[in-house]
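One structure, as structure tokens, below. Some questions next.
Naming follows writing order (A, B and C), and every chain is counted from residue 1.
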């Protein structure tokens, strides 16, 4: 770990000397902040995971749109003139990169998609500033709300613009009881898949290798964060399976990415990982699974994916409910 | 009334001596707080009404789930460590018991329902704390918003979990003009039924006897509250009928339970029942009827009942609009 | 312009002498405030535009309902007892008149419509006060949110009341990709129509003459506001057309009325029209076009028109994000 520390120090010196290296540093930290890590090495791992996840499924443009959005949002924050310390920590990048990944995942490639990604990335910075200002008096962070709000706006708009097609969006339908075949038994391989993909789906990726790269990126910055991510994924898969969720959703990690974020956020980011706090985080993680299924149902009529809104809502609730002296 | 006062005093002495009696006292006050009464005797009447309403319609498990949720939420608040004065007044119980009643009313009985009721009751406490913190700066109370938010979350989730069936939920449908047969004339018996059931539906109960027990419970604590509950129900039935609402909804009390709560809240809980305040409360009650019909329509696509959200929204609006010096 | 100034001065003297003239003065200012102008002459032009727009399309009752709502909301504010300076500036009239116009536009004429207009106009004052109080700590204005909230409530309620029919409302449908024929080329006449109607649709009017009267009313009070209204309409028509929006919506001004308001609000009302601020306003205007299309899609299942909510949402976001020292 001493080698890594000296490596990071050398990189920091280079960044201090060159605005371009600084920009790369901040962009990488922006990637890391998707999972709350202010660490460029974490960001590098996450970048590799995104590229792998996109290329291995034949969708390189998804990674390109993600990187484009990361650059645009990090740059927009500079132009708008945000607080420099927060900017350097990557806090104006993570909503941008997620917006770029989401738009490229659900919309069909084309020139309008690129325009949408650029506008969406810039908009994510405005949304981040507005959310911060809105929540300032309540003492809670914006989390990925700016990403969700911006992405919903642009994804919904795709229904009214011929220049862009939301072919990847869920089909609109009135909310109805899910038609489920008998829940499959959860074989070990499905179980492992569900846990791993719950982690990679935080970045809308469906890949075991990507999941391992994400975990590695977390671990180089914070071992507790990596452990809590795995714990969150485990809880999600077990709870969702026991409650009788659709097997495909469980093993695809589609009910687990929000719980992973809740577990990390409440387990070690906004509180010390003490036993009492961990019980609280575990309860919040279980409720996040329920919220994920609930939002999937609530959004069916408007043909939108829930994205990480379940994580945002439940983490806000549990942070607001937390007596200040207990942190 | 002196006898009742000395009875309540004796009970208070017993509660001070025994933690178990104290817990029962607080749980009963939690029941009373559904209609803003910090009074264990009111709670006892309400408990009898709930049991009667459940048993007489062959659904004893609804009452059991309500009591279970009341105990779990009151206990959760102890564990989390809330303000003791507020806890003793039952302010951490009323959202819990309503959540338990709602889940048991709309979901099919089974082991998962019990799990949902326990989780939902605990979650209602977190939601209560978060709502209080959120609204603190605005000087308005949380009302039954934590109940509505928690219940919507769990009811929506039932669509994605095979372990629990939302057979009692309204069927999902896009919002459309209601198909109405000619509005029936409002016979006296329908009128009385509509008024009475508007009161019992506050607790999701459809029973004349229960309505009388609820009214008696209110009256032993506050005569003005009981009168305002009846006045709210009268306004709701008359307004809804004149505007041409579906007769079945009117006479079943399904458009009246929110107006009943608005009338009591604005008429004598958050303001003195002076003439000017009563006019203001009457206008708010009329708007609550409109809001109930509006939310029923708005929630049709997501297959959710409006619960008491119309009361919450309109009472919030009218409390926020009220110049402080007028209270 | 000196003549106009002396005319306005004479009118102000008359208003100071007679409560009735004062009321007319305040009502006209309320009309002007729909486009942020505290000027009775502007209001007079807007009134003529509304009357022309309604009469020329054979719907005089729409204008009548608008004026009725303007009088009721201005009067309600007096009865409730609002701040007198804000009242005199017409700040309790613009949400009322818009509510009256919207209800009369989307609901079928009849006695219940009149009742709805009166109740809605009074409710818009309560909603205005509540919104002000809610946003006080955040330092942003309520804009037309009270109009949107009140109108949505009453329009939704029309689905459950036989006494009023929402025949003019969009049909409910799950959100789905718009079925579009090949986008028509944008001929000059369509382009001009789209720009003009984007302005008249701020008042839910579909008329070239009305558009010119609205522009004239703006110009007598503020040349920058008039120019920005045209600029906002131009941006909306160009952006919507390039992105492939349905031609009928573009040329009918139905995607442009919210962007017009955003352009005026951010371009010269809440900031000086300096180059940096104008770039910011232009970006916000583009995003408002996207938000208009997005909200149209999101509201399809509940059969509601978006009204000016896209303007409200995006202007709030951009005002919140704006560092205070930049205004």
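Assume a contact is a pair of C-beta atoms (placed from the backbone, for glycine too) under 8 Å apart; a residue touches a chain by one contact, two chains touch by 3 or more.
Composition by chain, UniProt nomenclature: A, B, C = Urea transporter.
None of these values were measured; they are calculated from a predicted model.
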item: Rotational angle, Cα trace of chain A (Urea transporter) fitted to chain B (Urea transporter), multiple of 5°; value: 120
item: Self-contact between copies chain A (Urea transporter) and chain C (Urea transporter), residue sets same or different by half; value: different
item: Between chain C (Urea transporter) and chain A (Urea transporter), distance of the C-alpha-averaged centres to the nearest whole Å; value: 37
item: Residues of chain A (Urea transporter) engaged with two or more neighbouring chains; value: 137, 174, 300-301
item: Chain C (Urea transporter) - residues contacting chain B (Urea transporter), complex; value: 80-81, 112, 119, 122-123, 125-130, 133-134, 137, 152-154, 156-166, 171-174, 300-304
item: Contact footprint of chain A (Urea transporter) on chain C (Urea transporter) as seen in their complex; value: 137-138, 174-178, 180, 183, 242-246, 249, 283, 286-287, 290-291, 293-298, 300-301, 316-318, 320-321, 323, 326
